[in-house]
Amino acid sequence: MENHLLSWIVWIPIIGMVAVTLIPRDHSNAIKWTAAAAAGIQLIFALVLLAKFDLTTGDFQMYESAQWIPSLNITYQLGVDGLSLPMVVLTAILFFIGIFVSWKIDKAVKGYFALLLLLDTGIVGVFLSLDFFLFYVFWEVMLLPMYFLIGMWGGPQREYAAIKFFLYTLVGSVLMLIAILALYFTCGQTFDMITIMETASPNLAGVTWWGMDAMKVIWVLLFIGFAIKVPVFPFHTWLPLAHVEAPTAVSVILAGILLKLGAYGLLRVNYSMLPDAVWWFAGAMAILGLINVIWGALCALAQTDIKKLVAYSSINHMGYALIGMAAVIAAGEMNGGNYAAAQAGLNGAVFQMFNHGTISAMLFILVGVIYDRAHHRDINGFGGLASSMPIYSGIVALAFFAGLGLPSLSGFVSEAMCFLGAFPVFRTIVIIATLGILLNAAYFLWAFQRMFLGEMNEKYKDLPEINGRELFTIIPLAVITILFGIYPWPFLKYIGETMNVIIDQVVAIGSMASVM
Amino acid sequence: MHSLESYLYVSAVLFALGLFAVVTRRNGIAVLMGVELILNSANLNFLAFARFGGANFSGHIFALFVIIMAAAEAAVALAIVINIYKNFHSINVDEVSALRQ
Amino acid sequence: MSNLQSLYYYWPELILTVTILAGIIADLFYAPKDSGKTMYWILGGLILTAFALKLAADSPVATLFMGSIALDPFAWFFKMLIIAATVIVMLMSSKSTELLNYRVGEYYVLMGIMVFGMFLMVSSIDMIMVYLAIEIVSIMSFVLAGYLKHDLSSNEASLKYVIYGAFSSGIMLYGFSILFGLTGTTKLFEIGPALAAMDSSGNFAIMLSAVFILAGFGYKISAVPFHFWTPDVYQGSPTPITAYLSVAPKAAGFAVLIRFFSAVFGSNNSVMAGLVPVSDVLPWPHILAVVAVITMTLGNLVAIQQESVKRMLAYSSIAHAGYMLMGLPMMSSEGIGAVMLYLVMYLFMNLGAFFIVMYVQTKKDGETFDAFSGLGWEMPLVGIAMTVFMFSLTGIPPTAGFIGKYYLFAAVIKAGPTFYWLAFAGAINSVISLYYYIRVIRHMYLIGERSESIHVPAMMTSILILALAIPTVVLGVYWTPVADWVSNSLVFAFPAM
Amino acid sequence: MTENIFIDYSILILFLPLVSFLILVFAGKRLPRQGDWVGIGAILITLALSISMFISMLIEYEPGFSHEASFTWINLSAFQIELGFLVDNITIIMLLVVSLISSMTHIFSTKYLQGDVRYSRYYAYLGLFTFSMNGIVLANNLISLYMFWELVGVSSYLLIQHWFEKDSAADAAKKAFLTNRVGDIGFFIGIMLIFSTVGAFTYSEVFAGVADGSIGGTILTFAGLGLFLGAMGKSSQFPLHIWLPDAMEGPTPVSALMHAATMVAAGVYMSVRIFPLFTPDALTVVAYVGGFTALFAASIAITQNDIKKVLAYSTVSQLGYMILAVGTGAYIAGFFHLVTHAMFKACLFYCSGSVIHAMHHALHKKHDHETDPQDMRNMGGFKGKMPVTYTTMLIATLAISGVPLFSGFLSKDAILAGTLSFVTHHPEHFFLAICGFGAAMITAFYMFRLIFMTFHGEPNKKELLKDIHESPKAMTFPLIILATLSIFIFYTLPYVNPISDHGWFKDLIVPQDSFVQDSHILSAHEIQEGVHHAHYPAMALSLLVAGLGIGLSWMMYYKKKLSAEAWAKKTGPMYDLSLNKYYFDENYQKYLIQPVLKLADKVAYIDWELYDKYFINGFGRVTDWISRVTGKLDYEGIDQTLVDGVGRTAGKMGSGLKQIQTGKLQNYLLFVLAGVVVILVFQTI
């Protein structure tokens, strides 16, 4: 247990899944509680991990390794560092909450929770695996449950949404597979991510394929794979559909965690393994981030379906994270070695990932709450709800303000850090991006006004107020949002060291001045 | 006159005829006969090469085997054709297309 | 090795022969209705043969019957594979309702003979043997394809098959004859050097023969453009046979293809040295690569259009032939190994898929996608198994199919940038293939209302399903045994010269 | 607790209101009297603390007095953010002002909002506001300044939409927040410019950075202007002034507290704080913005009939004054005016509140829900009915009009003096002087217009009059306090000369030299000198203009010698413009907001209807199409003509074309040949 903590965190959901599948399909409550138990135990272990985590180092900890397929040097390797730790904890929290969010599911309960738990393992596995093959396997394992969860329990367009999500992601991951193989063979036939991090750049330096820099080719292949998940601008159209069609809990997990997988991959793989190319691509990434911010915000502004609005807001929020990531090159020589900016940007990006995880989760849960009551999501169809459901609207107000980056709520800190980090390098881009803040406020407040203020809509005079279960799912997230907004250090102290490691990798390359 | 080429030419012509028959004939039997032509053109080659390519009997052996096989094949094929005729009342390969979707 | 000596190492095949004869005789004593019992004879015989092979596993690597049969792990691997496939298919057949109103004694016997033929195919190193083996297998499959005498589509299938098969083997034979003419020998390992020694005058002849021969093999593994018989035959034949054709003869075909091309057009001292073009007019690797891409693409694209799951699987099996061909161009040990490994994985997932199609046919008397609607709710086991097979065929981890694909891609990528485009084509194709595989799942779960009544298949059927589904998953997680087996089997026999 | 008593106090002052906010939000409804006493208690303690701080400041009487305390908020080796408190004389005075006005509001509201639906919510938000306002005051760095800055925005958002059932209120709230956000973007860009160059946020470090030239030139100018943009948003300076008048949708006490006295002054306070980093160019811009706003807003106030709108625009114009002072370098005067203005403007708002309250009740009695209780045209002759309100309002009006013996006179005079001296240094900027004095005159005019229309003459509905009553003690008490605090003496002590520019204030708040490396920037001393010299001329002028204004309105609205209507006609278009606030809202709607919304729709359309439907799904469709075609070619074999052709050459038309349908074996075989040929060709190439 001690030294297999990570394995436990990864596999507990599977155990839960097996347990669930063994329960006869008509004992739906037993099924739900079993699932809840599995998620709960996972959460507890995640917290234990948090407690055991050593803040003083940015390297991998709780390292586990076991032979798997010796003939290919595939090993079962797990490890956690400051980058994956918050993501794992977030996952644990959101799945635990997600179980309760989906308490009302009545169709094929068994299958639903089994798939949910399978998804859980897939996600945590991706975050914790240090073997590229394992990483890829977990990455793909997520596809099947997502397909079914959207396709079977989703809204009217669920099939379309599901298959679209599936195809999109698969395109990304096959390209990723090729890139992984290329790395495998260029790095002495190993899948050990740590080894690859060390050997990739030297081995690939100067290699060219069809006149292109091998490093860049691989980088782009991987980038596309991850960008689809993030989602970065041109690859984003699966997201609104999937978010809108998916059942609440799945939207929560989609927005809360799956999008983070993309960003996580970028940092874990692209940044750590091929830092050279970061120098070449950072600018493009900042611009893509900018487009995400503005495009997402404008689209959100135009929505009349509240869930779709929230979905687009995710695109907009991940844009900030991208800008923050691009800031890493600020630490380079030719950018005046502004290490502070790099730190701000990278930490900000990861913090933004986490915050978006909690905030968008809140938003989706809240949307689910109103949808359960009114059975529609048309913003203009409401009005004056603040009078009929004061508590609910209060919480929504909090969530919206968190979403529009109000200081003293976590979203602000991370956005500010992203901007502060990127500003020295990408001045114009950041200045334009600040418009995003305004648009954020615009679409959230406008939606809030249309739904909650003004004359009360008689139709909804006596909607039941938000109930205990729903509050139970919301409050933890709200608390996190507020705490980290007031005092972010408890979060940042976990990731800081690791971010420094990544920055150093990139800077080390940058100062070699060999590249561009 | 008894040169290798002449045999080869003959077999080539046989081969071509066989192909032609297979491609253009509508009658199942005829198509099979075309196949036989092809096989025999090959046989002719084997023999010719064996005869002119030095004292090596594998050519002849090959030919013998081919003949046997051809016979077996023909037997099966004809059985099938007969069966077809029973069911379709035609051995016109065009009309045998229950599988058209 | 002289013939008599050879016999000593040949006793697995001898057992097989005896089995077949025993089967024929036994069948004489059965009444039509229970002539199905013949299966147990053949089955037993096959298992005996398997044991015999197991015992003979450590027999020396040698060539038998004066260098016309190879006795090597490579052949051994395929023999095992073929027996496995045959056993499974026989069990499937025993559950098939299509065959009910026929006397099925011969059916099993024919399969036995076919196994023998395939044994020859995978081990023959003499053109005569190659031809004989292929012909034996073909003729048996003609009959089996047309086994449903009163079923029109089955008839048509057999007719198309026979004409097609005869035709292409004729073409191949013509190629052989030219090759023989050029080199004056029928022994594959003498042809290679002889060709290598020739000047460029014979290029066109070589080319011609090579292509003709390729046509012959291509037809066996149903590679584009020699695949046209596949859909109709697969759809027309009884489903077990379709499954069988899609696995066993294909495997044998690959075996003989690998052996032939590496021996004849490869450098003669080692297969691993890769295909060395006998002259610059024969860019083998690229031809095979192109064929591979065309095959997989076409198979996938056309599969999308199908309304019948059985026919869809037929096209998908073409696509898979394409994937496997990806392993050949570089003729590296990785490439060949990948193909062999893929065949193992393919055995389980493809037979599984076909078995479920057959089962659905019997239960819902239909093989179209609509027949599958709501299946997942009605028959959970079948649904889940089919889902597994579909994902595996798509090549999504953690399933056997992914591992197979993985090895193929790895082999291609390892060969260096020259063939990256091949890998890309493969990758994109597996995305396309998702299109139609997922469609089955969609019908099973998303379309059609869920029935409350649950149907559980019969004991035997369930076991068979699991026996196919479980390996499909397990091999996707832990496949070291297979990998080792494959790498041990990459040993080829060469006549002492 | 820290070692410094001032810091401890300020910590308490900061967090007490927050505590009351939390209590009220979560338990407000369940408490007796909906827990307003919690809020009142908290704020009164705060007030006591600030008073004690104030007193100790007076005792120390030390201009350079300042304490600072900060803690590390984020510390990633290189990237660090320190947050903290800065307590100096300015802070202490500001704290006093905030807590004073705030507590007045708390008391006033007990009656004014009696029986309101969201009574406890209201008090909760007041707490939140006080908290964040004090945060702004105490901040010693730009980051926490920015954070509290936005929090203030939120509390104003929440309080403006207190009666959110009214769409106008909801709109106003949104408008206020978004307009502020526009400013805040500038603010944040400013912060980023400073951080990227100086690498720190605390005032002291930033000033140090400015001093050692690590930031300077255009960058600094832009940084300054960026921050100032934030100030413009909060202090509703032209062209971001649009939100303040609408904010009057909120309850009147709120208007008094936030939109008159304190919150809107935050912009000024901030400019005062960061004054030393403004470059001359930046200052010029600031000055013009302020001056223009002062005049511009005043010109609108003239024609408004809604009593609160008049006050709102006058607030805007007064804020313009303060900004003008900052721009002209006499920023101390600006701050001085901030303080005095806080008192009398709050007073004015409470008075208007008391009047509206009375009107409301009167109309209620009459069951008259048509007449607008805020429209001055429906008022008149309340003088006798509500004496306290009248006298206090008169005092406040005198103060704002800059009549001697009242606080407004001192501060306004100081500003005008500053402007005058600035203009004498830079004659090219004479326009600023015009703004200053012009605004002074107009102010005097419209303020007395308000007085006369409300308290003199008689209402058009006479019967109303008998139902007008003085407001209850809880409401009049604050009036008296604030009116009293509008007397000069409180600012000139220890001197009692009503026209001197001396006093504890001037002694304790001494201007700081600018840190900007620039030859022709005036030192603080020079500025003071200039102001001092301009003192008497400015006074004379200002008295003159004030007198003019008062006289004019006396003629017009008291004596009715001049008819306002006639003048309105005379100045037709001008009058229209002023009455309609120069059509600003309309134009913003037309040229800013609508286009953005349209753009948004377009983008969403492109994203969803075009990009996704056609491009992304295009892949699917193309694949599908290709597969269809290949399917045909593949299954139906090759195109008939080919087979057909072969057939013809073979002279075998036997079964004719009809039979040459698809699915035929030969087609396949032909295809095989084709394949073979293709490969042959491929090889020979």
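Labels for the chains are A, B, C and D, by order of writing; each one numbers its residues from 1.
Keep this in mind: a contact is a pair of C-beta atoms (placed from the backbone, for glycine too) under 8 Å apart; a residue touches a chain by one contact, two chains touch by 3 or more.
Please read all numbers here as calculations on a predicted model, not as lab measurements.
J.: Counting C-beta pairs in contact, which chain pair has more, B-C or A-C?
T.: Higher contact count goes to B-C.
J.: Using CA atoms only, can you tell me which chain is the most central one in this structure?
T.: Here the chain at the core of the arrangement is A.
J.: Which chain has its C-alpha centroid farthest away from the centroid of chain A?
T.: That would be chain B.
J.: Can you give the whole-Å distance between the Cα centres of chain B and chain C?
T.: 26
J.: Find the geometric centre of each of chain B and chain D from their Cα atoms only, then give the gap between the two centres in Å, rounded to an integer.
T.: Computed from C-alpha means, the inter-chain centre distance equals 96 Å.
J.: Cα centroid separation between chain A and chain C, in whole Å?
T.: So the centre of chain A lies 44 Å away from the centre of chain C.
J.: Averaging only over C-alpha atoms, locate the centres of chain C and chain D and give their separation in whole Å.
T.: Going by mean C-alpha positions, chain C sits 77 Å from chain D.
J.: Among the residues of chain D, pick out those that touch two or more other chains and give their numbers.
T.: 635, 663, 665, 669, in rising order.
J.: Of all the residues in chain B, which ones touch at least 2 other chains?
T.: 22, 31, 93, 97, 99, 101 - these are the residues of chain B that touch more than one other chain.
J.: Which positions in chain A touch two or more other chains at once?
T.: Correct list: 167.
J.: Would you pull the chain A residues touching chain C in the complex into a rising list?
T.: Those in contact with chain C are residues 68-72, 108, 136-137, 140-141, 143-144, 147-148, 151-152, 158-159, 162-163, 166-167, 170-171, 174-175, 177-178, 181-182, 184-185, 209-210.
J.: Please name which positions on chain C make contact with chain B in the complex.
T.: 127-128, 131-132, 135, 138-139, 142-143, 146, 149-150, 152-153, 155-160, 162-163, 166-167, 170-171, 173-174, 176-178, 180-181, 184-186, 231-232, 235-236, 307-308, 311
J.: Within the complex, which stretch of chain D touches chain A?
T.: Contact set of chain D toward chain A: 25, 72-80, 143, 146-151, 154, 157, 161, 164-167, 169-171, 173-174, 177-178, 181-182, 184-185, 188-189, 191-193, 195-196, 199, 596-597, 599-601, 603-605, 607-608, 611-612, 616, 620.
J.: Spell out the residues on chain C that touch chain D in their complex, using ranges where they run on.
T.: Counting only chain C, the residues touching chain D are 159-160, 163-164, 167-168, 171, 207-208, 211-212, 214-215, 219, 224-226, 228-229, 231-232, 281-283, 287, 290, 298, 300-302, 304-305, 432, 435.
J.: What part of chain B is in contact with chain C in the complex they form?
T.: Going by the criterion above, the answer is residues 8, 11, 15, 18, 22, 28, 31-32, 35, 38-39, 41-43, 45-46, 48-49, 53-54, 56, 58-59, 61-62, 65-66, 69, 72-73, 76-77, 80-81, 83-84, 87-88, 93, 96-99, 101.
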